[in-house]
Amino acid sequence: MNEQQLHDKLRATGLGGIGELESSARDPFVVVEASVLLEVMAFLRDDSETAMEMLHNVTAVQRETGFDVVYHLCSYSRHHSLTLKVIVAQPEGEAGDWEPAVPSVASVYPSANWHEREQWDLLGVRFNDHPDFRRIILPEEWIGHPLRKDYVYPSTFGEIPLELDAIPLYERDENDPPKPSEPRPAGTPLTQPPSEYSTRPDAGGRAPAPEKKGES
Amino acid sequence: MEALEMYTVDDRSDVYTEELKLNLGPQHPSTHGVLRVELSMDGEIITASRCDIGYLHRCAEKIGENVTYLQYTPYTDRMDYLASMNNNLAWSLTVEKLLGVEAPERAQWLRMICAELNRIASHLIAFGTYGIDIGANTPFFYAFRERESIMALLERPSGARMLYNYIQPGGLRRDVDENWVTDVLAFCDDFEKRWAEYNTLLSNNRIFIGRTANIGVIPQDVVYACGATGPVMRGSGIKWDLRRDVPYLKPYEEVDFDVPVGEGTHGTLGDCWDRYWVRMREMMESIRIIRQGCAALPGGEVMEKVMKKMYKTPLTPEAGEAYMRCENPRGELGFYVVAEGGTSPIRCRARAPSFCNLSLLDSLLPGTMIADAVAIIGSLDIVLGEVDR
Amino acid sequence: MGSVREYFSNIANGLGSTAKGMAITLRHFTSEPIITVQYPKESLPIPPTYRGMHILEQEKCIDCHLCAKACPVDCIEIESVKHGRVLEWKKFSIDYKKCIFCEFCIPPCPVDCIHMTTEFALATDNADGMVEDMLTWTGLRPEDQAKLEGKASPKKPAAPAPAGGGEGDARSRVAAMLAKRKKEEG
Amino acid sequence: METLIDFFTGTLGLGPTLALSLAYATAIGSLLGFITVYAMFAIWMERKVAAHIQQRFGPMEVGGWHGWAQSPADALKLMFKEDIIPSGANKVLFWIAPAIVFCGVLAGFIAIPFAAGVQIVDIDLGVFFIIAIASIEVIGVIMAGWSSNSKYSLFGAVREAAQVVSYELPSATALLAPILVVGSFKLGDFNTYQAEHGWIIFSNPFMWIALLVYFIASLAGCKRAPFDLPEAESELVSGFHTEYSGMRFSFFGLEEFVSMLLVSAITCTLFLGGYTLPFNFLDVANLAAPFHLLGVAVLIVKIFAVIFVQMWLRWTLPRMRVDQVMTMGYKYLLPWALFAVAGTAVWHVWMEG
């Protein structure tokens, strides 16, 4: 079955909240309301024609307007796949630490268990009724969700300093100071601060077109 | 010992026994990296287990949002560092899907040959380390002997021995040298003899079969439910291989190969020995693919002229998203990339096969012995670099 | 009877497979050649495409910073002063603590002045020494110095090439390697 | 032994008590020296055998020719390493455990006849004395595992206890077969018998079964692969000696090789002709005074042949699981050992009527 047939099949179930098929996308997807997500999933898994045996991947994506939670389903017996999306819009006036919530699909697909834990851990998306809702990669006591766009790298974790310079690479012997860098004759003052190239521009604004400075 | 607070009643008598908590890892010879499994033990028998991962988290997805599409290629090397070529391939295909371009034909065939060579190298590590897990040290060295040949072969075009960064969006970094194909074919001939040797030494050894057969049985419905892919899935008898069923490279449609599945030769279908034997036979299938690929290798460019400018000007795909699945040695690696214009993606998610396969572990361990736990972890063949990313 | 047959077949299988395995290991013990090499004394050939430490052909470099921009880990730092067409070099360093040897700095170079060598032995007991200065000389060249002095205010005297480190200095090894390669190329 | 005592009383004119003490001191001292040199050589040999099976060189640098000085260098290094005692360990037991392990194995050597007259004591129940005294090692291992305050060590110790106690049965039973043939427990008698009647292994076909059973059981007794469960590297990190370091750790390493020497000596003495040559074409035992020491060389060559097979097996086979080791011991080795003893008895009654 192709995506269009799958979508027709879904529509035929009579469940509300199933959006249009975005067939222009590279991977056609269907936007589903969070309230019917579990029913849709259960239908796609159990119906003999759709037969989506496996939930391949669960991803949360932070956009400016809120969060998308993307489910990649695939059928191994029928050789087709479908992408479902749940869009959680950020309510007006919510702060940056707002945590969107969608129902957990771990009761339908146990493979969602770890994926959902990871999305919670890294992006702060809550999955309601999850059987084992803990962080999976970061320590339990970690504050914040690092994949958020507004995440600020903390300077400490508990009492452990996290800034690179705070941790010595190795213990230096006082009597054996590190070899100083080779003496270089002092030149004219710098015309460009070296920091221009040693700090990374923000995503999207990186690396302007090359300019042939040497030939100016 | 502070962990012995919990007292449980043994059903068989009125003797009070204590539950022992055992930390398997993160510093343990057989967890294949920095995996920690918290085991509750009743003597040598495991009663409960809890996986703890994240010791090797290197923020790969966050880095992906901050570097350009091309610059992320070397970072994919470091996910499943035993199958860098396959990771490069998956990432390049994802970016190509996003850009709507396709690699030249010669590049596609060379990609296939390199990916299959890397698959053999990766399975050789799985074979060798599995031998060590079970207690046989010598097969490991024999496996590394052949892996060394593969690394020498892949080093010639790519310039590195493990982290190749060779397959790049749009094609390949550079063409192979003229003797390369001959040397690959010579390796194939040599490898077949060595493969038979491995089987005599380890696969058919009575002790090895005794240690692996009927251990860690994964039924088919559990495979689907837990999202296990690759040899773990095929070991349970599910005949599915993306290379055959959803060919992501054109040459895979043209070459002829089998998909080995577990048959329950020495016990229950889906046990450790089946998974191991699937990997062993996959190496021979890869040899078949490589031979056909070398015979049919077309000439031409390995990277489109248009794409070459990406080294100077970063790629800027249109807004959109792409999900690409590839058959890695450990299972299906999926990259999900969301672009909103600009030179970097806004979300770069890797669906790592080891991550999904490892989620089976907690359900497999209870009821087995500590020696079986090692055998089961080894048979899942995880790479912690990929689990934690 | 099945279990009795299994009992004896287990014994036969166990002894048989052990004997076959021992035959393989004995053959390796007696007749297979040793394949490892005694590393510092002998080493495996390294293909010329190998991605090792960098080498900079300073005469060619035009200070365009494209390599630094292409670097995914920002390990290249470049400092120089331009006097019209003349370059006064201050710094061109690669931080090998960060470098991942991805080779992305090589293709963007418009004048093909940065290369990778086959030198890979970077081990050191001093992490500060991992930042390698790629320049063979700093400051202005004497002829440029004279040229500039003729038309502009006097600058600082030109620096002689800094003395290379000992034999074990990775940079001097790379420099020797490049000299050798140039000689071979003619 | 008597020669030594005669030398001290006769040639040097010492009193009998002093002469006896000096004689024992000399004998035990030379035995210890021999064992130390042997252990270092055996460790070097193990590494070389493993390396060549795996197409490697093994140690090559220390000492020049094929790294012959690697073991002494390692011993020296271990001696100077810090002796770490984990917090929470039972210090006393932790200290004495390596000594007990080593003593147990060492004590077995006083009954081994290395050549005619080169034997410290020829005990009447020599065979069972060695089996009994070598089992003391288990106590040391349990002490080491328990006192380390590490769960992995405890697992290793318990496995060792279960394994060694189980494998005493088949090994002792298998040794009954040659004892039946010779009709004595005295180790010296085995050599004299084999000098007259040829090697015991050729005396009847059942003896081959007994040899095989004893060889496998003795592997388990020395914790050699495929029975290296107590220190199973991939499961228990390093088993009962996980927490040991420095010299104490090296005692456990030496103990393994010394007990290999002990069981190989028993195998050679009881089955493979002891210090006699095949078909006794040169009667080593009855040569003139200094030349009977040739027996030592003969025995050592045989012992190293057996040790080589032990090493060869180790680098070929995977490790068994703990329940499989028990199955092997009780379901396979013990019945076959009994079968070999019964077969030997019947054979000799029938043949010699």
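Letters A, B, C and D mark the chains in the order given here, with residues in each chain numbered from 1 onward.
Here, a contact is a pair of C-beta atoms (placed from the backbone, for glycine too) under 8 Å apart; a residue touches a chain by one contact, two chains touch by 3 or more.
Nothing here was measured: the structure is a model prediction, and the numbers come from that model.
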Where each step is a move between two chains that touch, what is the least number of such steps from chain A to chain D?
2
Averaging each chain's C-alpha atoms to get its centre, pick out the one most distant from chain B.
D
When A-B and B-C are ranked by contacting C-beta pairs, first place goes to A-B
Measuring from the mean C-alpha position of chain A to the mean C-alpha position of chain B, what distance in angstrom results?
22
I'd like the Å distance between the centres of chain A and chain C, where a centre is the mean of that chain's Cα atoms.
35
Rounded Å distance, chain B centre to chain C centre (Cα mean)
29
Just curious, how far off is chain D from chain B if you go by their C-alpha centres, in Å?
45
Touching two or more other chains - residue numbers and ranges from chain A
200, 207, 210
Could you list which residues of chain C touch at least two other chains?
10, 18, 21, 24-25, 28, 35, 66, 70, 108
Which residues belonging to chain B are in contact with no fewer than two other chains?
68, 138, 142, 145, 201-202, 205, 207, 312
Taking the complex as given, what residues does chain D use to touch chain C?
49, 52-57, 60, 312-313, 315-317, 331-332
What does chain B use to touch chain C in their complex?
67-68, 70-75, 138, 142, 145, 148, 152, 155-160, 163, 165, 173-174, 197, 200-202, 204-207, 308, 311-312
What residues of chain D sit close enough to touch chain B in their complex?
50, 53-56, 149, 151-152, 155, 225-226, 228, 232-237, 315-324
For chain A, which residues are in contact with chain B within the complex?
25-27, 53-57, 59, 61-63, 70, 72, 74, 76, 79, 83, 109-111, 113-114, 118, 122, 136-139, 146-147, 149, 200, 203-207, 209-210
Chain B - residues contacting chain A, complex
53-54, 57, 59, 61-62, 65-66, 68, 97-98, 224-227, 238, 240, 245-246, 312-314, 320-323, 325, 332, 334, 336, 338, 340-344, 346-347, 349, 351, 355-356, 359, 388
